[in-house]
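Common to both upcoming complexes is subunit A, partnered first by subunit B, then by subunit C.
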Partner chain A sequence: MEKLSKTSKLYLTFVMVVLYAPIFFLIFYSFNSGGSMTNFKSFTLTHYKAIFEDDRLMVILINTIIVALLSALLSTVIGTLGAIGIKSIRNRKFRNTILSMNNVLIVSPDVIIGASFLILFTMVGIKLGFLSVLLAHIAFSIPIVVIMVLPKLNEMSNSLIDAAKDLGASKRDILTRVILPYIKPGIFAGFFMALTYSLDDFAVTFFVTGNGFSTLSVEIYSMARAGVSLTINALSGLVFFVTIILVLGYHFLTLRKTKGVRN
Partner chain B sequence: MKNKGNVFSLIPYYAWIILFVIAPIILVGYYSLLDLDGHFTLMNYKQFFTSVYLQMTLSSFWYAFLITFFTLLISYPTAYLITKLKHKQLWLILIIIPSWINLLLKTYAFIGIFGNKGPINSFFNWIGLGDQQILFTSFSFVFVSVYIFIPFMILPIYNSLDKLNPALMDAAKDLGASRLTTFRRVIIPLTADGIKAGIQAVFIPALSLFMITRLIAGNKVITLGTAIEQQFLVTQNWGMGSTIAVFLIIVMFIIMFLTGSKEKGEARNGKTK
Partner chain C sequence: MSENTIISFDNVSKSYSDGTVVLKNVSFELERGKFYTLLGPSGCGKTTILRLIAGFIEATQGDIFFNGKKINHVPANERQVNTVFQDYALFPHLNVFENVAFGLRIQKISETDIKRRVEEALKFVNLIGYGVREIQEMSGGQRQRVAIARAIVNDPEIILLDEPLSALDLKLRTEMQYELRELQQRLGKTFIFVTHDQEEALAMSDEIFVLNEGNIEQSGTPVDIYDEPINRFVADFIGESNIISGIMEQDFVVSINGKPFECVDQGLNPHEKIDIVIRPEDLEVTTVDKGKFVVTVDSQLFRGVHYELSTYDEAGNEWLVHSLKQADVGAKIGLNFDPEAIHIMRLNESEEDFDARLESYGEDPDEK
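Coming up: the complex of A and B.
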């Protein structure tokens, strides 16, 4: 393998610095006792304390987590069942049609999803708020779960199911004791992706949330529109910390899982 | 027969397709034919093809093109160099982590960085350029968008580069190809799928993002996404908003169709050659 030249190394370092600089910039000023992102006065944790003392913000934080967990859970159930169902569709043309339908929401821009769901919820008469946000999040997470689960299902050999059947397993047994354990890593990945999509979503939520309900992204947006507030910086510090833990946790879990399969 | 149980497992999934995939598209189409009072009309389409909207559409495309171009320009070499590194998995995770940080927080960071007293302006002052207005310009919009999309472009390109068989590069070298020729005639064509996936992942969102324009570009840049948000949530003219949405959906399908059919064509060419 050829060694990287100095310019290449410099270039990579540059890209890395550019990618991380804004994030560390935000976190750096979250400890600023001055009120702005310009001159650093002295170290303080007041902005972090302010988050936990702000009841409204805490409610929004809890809302965000509840919506994320619920939508990830429900979309994982529907998506996994859907993927198993898609796999069993015999007609190839029909299966491909369903698969392209599945991908529509993945490639659709958020604004379109948000706007069309807004029309849908208003037409059906669902009040904008917790329920509409939850439904929207479930809706855009389902195709992601399907995408994560399907490769695992395709990987699974049919002889496993045949063997189970020959050994007298009922349909339920086949599902719960053969298929589900095999595709578990895919389900897990799907759940995790759905969780992060929900936590991260701004645009769709922005369209379908009413006045009374807000998630963290929407709140950050309205705070940022009002101007610089170091509370947002402190929030980014927390978000960054949680993200690192999630990414590392996910990485090690999948690593252990793949190793477990090999053993 | 064999999969009777599976038919039931598909019921919630089919319900989802009908309710959240098909119905919304139909509803957007339906609303695009309504005026403010709910009467059927083609006025929205007529209005869309006036110079105001066409100009906005063109400029939105232009910005999306610029953003995609610069993102690709930065991402391709990065992805290429990462595949050459020893701990490439670790580096890839390092690239991915910023993409997991909430989009709004990253955008918000630039309000501080590009601000009048921010580090960039301090630097300009230091080298004697004096204060420059960076925030609320089209430059800041393109820069922040490129910054946000880089990881999404690197990922698919990295995947296709990583799959590349190194023997092909050696073969090209043995057959007398220069480094540039190898890159142009071997590496690029073989990673075309990754590039296309990256372009798809950047171009469509670049047409429709509205929070970056709102926070960073002030009202200097209006993309299709900004216009839709404006019509739906500010002006409350859902008809016009839907008309723009219909247009964006059509563009989306065209882009998907183009990248899809090209992929097949190239695969065929590759085989016959």
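Coming up: the complex of A and C.
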């Protein structure tokens, strides 16, 4: 890579500081033994301890993780098959239309998606709670998985399919022995993206959740509304760390893959 | 259809829904155990024929027979044919061993048999010990061999090769030509090789089919096709050639630019307009007074084995000459050639008529 000039380095540092400062500020005060975010008294882990001692919070944490894992898993299955379906559409116009409809779902505001799901669920009569949140999360994750898997599918040369057929493979063999192994990196990427989107999501969940069921982001929001407590900081800090670990994990996974290719 | 016929095409046409016709009423028969080459420029329909045999596409019209059985609608995965693809189409997620074993695993063959057969196939292509390597670790020539091993391991009756050498550098390509030819002879299987490279075709084939715009222009042994091209297209496509219009004055006399020359062809109509081919290597550079005609050297290229001279006669026709000796650009030189060097091509002659005409020369006691 070309060496960056001093000004561009400075600019980059500035941007990063601006982006990360609020998060670090928040995490910094999560270790404050004083009760507020104005003056730092001394280092403590009591706020973190408070999280783990709060049973309600622990239940919410577990809920969040279950919803995230389940929705990511199911949306990965549906989205991968969907991507293969989109790819196999011969008519270009039709394929592009479907693809655009997929992309519209990704860029459309969460509030609208959340509101429309709320209307749908109440109309169909699905009780608002775990199931409604899970369904909504699966729904908004599918387009993301499709977008992550499609490039891998497009990259795959058609002659691989021909070669498999030529060697006697049935349609099922082609799917399980050629296509799925080939697009595996895309599937993993889609799964991780779906996971983070689900963990992150506030707006959609806020709409479709009901009494007695909550996820972390919704809970943090209501705690913040209720008043200042450094437990929020500690909780946000934890979520941030988990996210970092996920990103790093994904990074090393892909790094190993590209290294393998280069050798 | 003789007993030895393995593949036969009966008036096969292929067109696509957008109206493009890629194959026009093609008929031919291929014998078991021979090395065939489909040769032609891109878009001539050679790969289409290959894909029809492999079963990736279906013919619009006509029938295709395999061992005497019609196979028009037999899907690709049920045909005893394996293909070596142009881009090799090796599975990047599998290592060399698993790539070769792919077809065997689908047939649910026992693990010990798979191991034995894969190793045998790898030995055949000189890749012993490479089984555990990843495809990404293999060079172009090695990938080529893996692709061949993957095709032969299934013991198919026919092996199709779709321009498999085009991605290799010149030296490796020449090496692989020898290897492929030798491999075909050791296996005794039918090879159908598609290429646009006439040198490859001439070097390896038992029989060449020259295709153009969805038609077979000429078929025959490499020597036949090189020495006796049927028309301008074939003469131009196979090797370097000087093609020039002429008039067949009478038997054994042809006139070029109004000047009569002795030749060995006969049986054509007197004063018939014809095309004449003289290969550049059949032209001999000599002094102006000794030459059958005189040309001016326009430019010259050193080709390693010989010099390639581009010369022009008085009528403005270009003559390519391969000469071992250097000539002076701008100088006048004489060109000499034997009567046998002149090859006559009738305009719009069909392949049957052409073959019959050549045959009749052989029967003639006066010839040569």
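By definition in this document, the second predicted complex is superposed on the first by the 250 of 263 C-alpha atoms of A that agree within 3 Å, B and C clash if a C-alpha of one lies under 4 Å from a C-alpha of the other, contacts with A are read in each partner's own complex, and residues count from 1 in each chain.
Just so it is clear, a contact is a pair of C-beta atoms (placed from the backbone, for glycine too) under 8 Å apart; a residue touches a chain by one contact, two chains touch by 3 or more.
Predicted model only: the values in this text are computed from it and were never measured.
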Contacts of A:128 with subunit B and subunit C, given as first, second, both or neither: neither
Taking the superposition on A as described, I'd like to know which of subunit B and subunit C A:139 touches: first, second, both or neither. first
Spot which of subunit B and subunit C makes contact with more residues of subunit A, would you? B
First, second, both or neither for A:164, with subunit B first and subunit C second: second
Just checking: does A:177 make contact with subunit B only, subunit C only, both, or neither of them? Give me first, second, both or neither. second
Figure out whether A:240 sits in contact with subunit B (first) or subunit C (second), or with both, or with neither. first
If you stack the two complexes on chain A, which partner ends up touching A:26: first (subunit B), second (subunit C), both, or neither? first
Quick check on the complex: what are the subunit A residues that touch subunit C? 157, 159-160, 162-170, 173, 177-178, 181-182, 184, 260-263
Within their complex, subunit C touches subunit A through residues 54-56, 75-78, 81-83, 85-87, 89-94, 102-103, 105-107, 134, 136-137, 150, 154
Which subunit A residues qualify as touching subunit B in the complex? 1-2, 4, 8, 11-12, 15-16, 18-23, 25-26, 29, 36-39, 78-79, 81-82, 84-88, 98, 101-102, 104-105, 107-113, 115-120, 123, 139, 142, 146, 171-172, 175, 196, 199-200, 202-203, 206-207, 216-217, 220-221, 224-225, 228, 232, 235-236, 239-240, 243-244, 246-247, 251
Residue ranges of subunit B touching subunit A (in the complex, touch as defined): 2-7, 9-10, 12-13, 16-17, 19-25, 27-28, 31, 74, 77-78, 81-82, 84-85, 91, 93-98, 100-113, 115, 117-119, 147, 150-151, 200, 204-205, 207-211, 214-215, 224-225, 228-229, 232-233, 238, 241-242, 245, 248-249, 252, 256
